[in-house]
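Okay, here's the structure, questions in a sec.
Chain IDs A, B, C, D and E follow the sequence of writing; residue 1 opens each chain.
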């Protein structure tokens, strides 16, 4: 059966496209909880911290809002990595959202890895509104990891023999 | 089971079905009847007491009937033949508010595992079955333990009379987990590439009771309709995520799949993880909804930091 | 077809320095449905806002994207601005190109590229935005306070003094709670009754407070501003309209029962006031022990009552009323140590092993011994007292893992009181740590040591009776030696645990309980008296162990929250809430179980589907309760549940836009 | 009532009186005890301090042999030490298949850990034994004040032994009450008597015996009842030695609870093995078997004042 | 008085402590030093280190002092400490593991206890059952406490408590094999729990 190519990871803009020719720059999507990590990311800005521009933050009200289908979509549409960030367990603005998220995403992450996804491509972190440094470090770390992995190709089967 | 056991059970089933229909206790009986080919059976829907003798029970009643009860309930109370898998499916649908216990009348049948009509060997789904006998029923036809725990051991054809350990139940999962990631990717890419998106898996699944499946909804970005690797992976993984914490492990999806996708390995991966991580109960053992992703514990394992 | 306007802010040089704003404007103009794009020096300034309003008119915009600082900064500002236009305030998206772009990226090229991506995401999302509306909920300006201890009384008084009517429900026959049982209060040693009973009287006579004793909350329905509460009142068997509280009945009643108020150390009658200063100052009949009610004999009280107020056939009463807010102040109880500590004698312990609360009654001038410290077994004055702290506290094995907070001071107070009354006595205090954070607390503790109390650091392992003494075995870990004390009296400072009712009330009110069943506040730091249930507030020890000053402070805080709520005639509900698509919902109820606010319920709807009328069960979101977290949307496998303002489609659009 | 029986090494030697009295009682209440085939020593604490594997393997061997012989019965043992070892092994084996396989490998026998282990005391305190006991008891022990002594091994750790309260157990007390004795409320029911240390650590261990007698005496005990041959030997044999250094000697005979039950059933001291004790038992036995005194009118009257009723 | 230079704790010490705690299934960090174990311990008077202090020393990394301690050898495994520990630390198991570790290191701070237990097990290994009189006699010989409890022996014989013959299991070879296998299994491959 012929494999229909889904849109592969294309660099987001002409600027990154230019660099992509020389070195791979990943596109990373970060779902961030409004109450904690999003504030933490704002604080990183206030403190003029510096981190790679590869990460795009998508604001959600709570990590419990993150549907695993969003993650699959992001990977299918061309993100090379997805990060979900929420409040530390016990600190959820909505009492229990991150507890549900923790269960869901633990199971989901294992399922993705079971089907062969590299663990680095989908990660979950708890980052509070005061942990600007942790946000920066996480972005740097995840960026480095995914840069090392190379682009994610959702529509192409890897050429590994099953018998090999 | 032996021929005489099967005949005795068939007789008992027909008599019970006839009585239930004649007395008006139920409007329809869901069971199996002989198909067109040798050893083949198909689900049967009997509403006329005179037709009750069409029902059969034996080694080749491969369909799990739970889901069929749902389609029939509009007609009135539905009698359903249940073994372990069928009864857990019924429980699951009750837990999901899709069915009331009062809407069904459960005819418990012993089961020693069903065989593939083509090869005569035990069905894959029955080899890893942990619950042969009905976990709930209104009437039990035949001895409860014919399949189960001691009665059937005399019957050499029952290959699974032994208790299935978690190790056996999760053999396929454990095997894949041990593979290198690239190999796993290759294995599932090959499988997802084969998927023709016929949705037989969802049709047969007692947990798939949405009014309109997410793949059929018109929602921007939700799920592409293309038949390609990326979209097929999206479909299959989402399907597992939707049913994984409720899967009763009847194996119907995998049996129904015309392309031979390892769907139960995917389902069981989640079942196994939820069990080991969150001490999840086996689904469908009771009418209670205890889906592991619908609750949480403050003391849940913390690995995200 | 939407008409989007995009406004890019320079924020002076804050954005402009690392993001090429004109280039972003240019890119924005090419985005689908964008009919207008412009930049602004300071978008949030008056001229900036005016230029947006003008552009809306001029270009017939129906939704706008503002690329500027964080939405946490100015989302509300811009929503307010939209209120003055014809655009719904929720048709606004903000691309955060300052905090999360220009401030963190040095490279202009990368920063500009990212800013363009962020704008594209916002524009893609806003294309799917829909107008959202808040609804208004009427506020019933009557408060219900559950629990008539010091917390409940303080809260009721504050609310009533602010001018709102209050109903105070107390399950015992009198107000006062635990505080009125205490003798003195640390660290100032003022008499507990002297400061508590005036409050009780004030509550009892306040024109805006209705006190219901022997009463319990049976059922709660509704939501903030509109709670329907059913209160059950047990029969008192005395007509309070007629009773003058003369006390004749009580003095002549022949039945003596162990007094709950005196913690089992004294007696009361079957018709009784729990204590002299009780409010209401009228007796009730304890039906379980009344001879007339149980055996048909006696009836002395009825014969003697000068006003004919006795009603042996009195019955339980139920009433349902509407309240706008509820304060839970049900307090605590002491852990049942005898069930847990066999090594201290357990159920068959010597009567001379008592709890701190029993000691309070022993040392209280109006208590069973008129304030003389005596051994319950033989009435002699104990010459040697052992005080054991942390009984049931900080003991995850047999009791509770937490610290009960008040016992260190409570124990020091008991040592002080004992040494004060028995100057030749010896007092040993076994402690784990001494925790005295509070004004004047540590000074008090040090004074107790100067009084002569011997503090021993260690847990007591065994207490047993031998030769008329209570032998206490412990280790003083500071000396590194096991020690034995032969005591006449042992006082166990037992852990505070939630009241029996906490779990039932919590689930009725939708207030979560922690693992020890304390009622949980909405946020441990910033919302200490609110709960997850709108309109339900916590006061005092029902939220966790605390001492009297903290309890009173929290009670006043809770009252303040109620007054804030009551200062409005109507509440505006959150616009960004969940909603369920009836057509897709299969009624599985997964959302119901997930919702921390009990905002989702299952209900039956009858509607036409495929040209037949069908009745199905579907989920329904109460807009007054939903806080908009969206956890239910993920639990919803059919995809029926969606979150307004962060809908599946909006988020998917954003994801797609990022990857273009 | 039918159980597999693990007698323990002391059954035929130091614990002979326990064996005699237990079989006397068992016979009269229809309790059938089937001795396990070729059982070996449970290893007691000596095995535990040597190796945990050994401590689990020794009882496992005896239990596995019983399984092999088709003895499909729960196991009962009179000795508290044996009970502790056996019970710990069953607990360990049931914790995981890995543990069980490890034991099977050491003992070279299949072991399914199906049988439960109980002490003789636990079995006798069950309702199905209490009923025939009540029927078989023909004499009252006359209110003999008996302090029931359980020791350590029967009640600790509770997660393993699953038997009675670790600080204030009641089963033996209720048996004593059934026999017409008066159970003494005392505080040393489960304090260690140091039996395992009397030979290797005599100085410290002797003090433990004294503490037990002291508290029993302080609470007015006329006899101590035990459920373990080690406790018995330790208390009974060493009471005289303890008394040597005391101004006021103790005079508290120690009995197996089965001996006292046997007495109440009309058994002779000789038949029950009571004549084999070290410390003289005569006084207590005489009190226990004396004809009951005439009930005096004031003795137990709880006449209340006519006007006042007191309710607890 | 003791002086500990905590900086001189070696990684070997920490590894030894980790092995002991793993073996015992306890977490030293759980202990907040309340002393309830020591206060309830019937034999604490005979110990050079209280159970609490054994834990404290291990918390401080002082493993060699702990291995030399009499405490684990004096412990009667009565489990009172474990039953009462507010933090549910299996102190009993910890004492056992310390004793095992000491024995592995060739230490036996209480010689009598070691001799007694070894003799006991030797008897069981040989006969499959314990013969108390023989054991007592052997112990007295080996430990030098020649006359301990000797006075009781004739009394015991008279009471039928010392049988004329030794009792033993039928399959004595199996016992020897069992001992061989049980004692051969190495540390680190422990089963679950204890």
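Following the convention adopted for this analysis, contacts are C-beta pairs under 8 Å (C-beta built on N, C-alpha and C of every residue); 3 or more make two chains touch, one makes a residue touch a chain.
Computed from a predicted structure; not experimentally measured.
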(message) Following contacts chain by chain, what is the lowest number of steps it takes to reach chain D starting at chain A?
(response) 2
(message) When contacts are scored as defined above, which chain pair ends up with more C-beta pairs, B-C or A-B?
(response) A-B
(request) Name the chain whose C-alpha centroid is most distant from the C-alpha centroid of chain D. (result) A
(request) Return the chain label for which the distance between chain Cα mean and whole-protein Cα mean is smallest. (result) C
(message) Distance between chain A and chain E based on Cα centroids, please, to the nearest Å.
(response) 54
(request) Could you give the separation in Å between the centres of chain A and chain B, each centre being the mean of its C-alpha atoms? (result) 36
(request) Please work out the Cα centroid separation of chain D and chain E, and write it as a whole number of Å. (result) 24
(message) What's the distance between the Cα centroids of chain C and chain D, rounded to whole Å?
(response) 51
(message) Please output the residue numbers of chain B that touch at least 2 other chains, ranges allowed.
(response) 214, 221-222, 293, 298
(request) Could you list which residues of chain C touch at least two other chains? (result) 343, 462, 594, 635, 648, 652, 655-656
(request) Name the residues of chain E that each touch 2 or more other chains. (result) 45, 80
(message) Judged by the touch rule stated earlier, which pairs of chains are there in contact?
(response) A-B, A-C, B-C, C-D, C-E, D-E
(request) In the complex, go through chain B and note every residue touching chain A. (result) 173, 176-177, 181-190, 193-194, 214, 221-224, 226-231, 233-234, 237-238, 240-241, 244-245, 266, 269-270, 273-274, 277-278, 292-293, 296-298, 300-305
(message) Show me the residue ranges of chain B that touch chain C in the complex, using the header's touch definition.
(response) 96-98, 209-212, 214, 217, 219-222, 242-243, 289, 291, 293-295, 298
(message) Which stretch or stretches of chain A touch chain C in the complex?
(response) 7, 9-10, 12-16, 27, 29, 34, 38-39, 41-46, 48-51, 53, 56-62, 64-70, 73-74, 77-79, 93-97, 100-101, 104, 136
(request) Spell out the part of chain C that touches chain A in their complex, as residue ranges. (result) 70-72, 96, 98-101, 103-107, 109-114, 116-118, 121, 512, 520, 522-523, 532, 576, 594, 596, 627-631, 633-635, 643, 646, 648, 651-652, 654-656, 658-660
(request) In the complex, go through chain C and note every residue touching chain D. (result) 254-258, 267, 289, 291, 341-343, 345-348, 462, 464-467
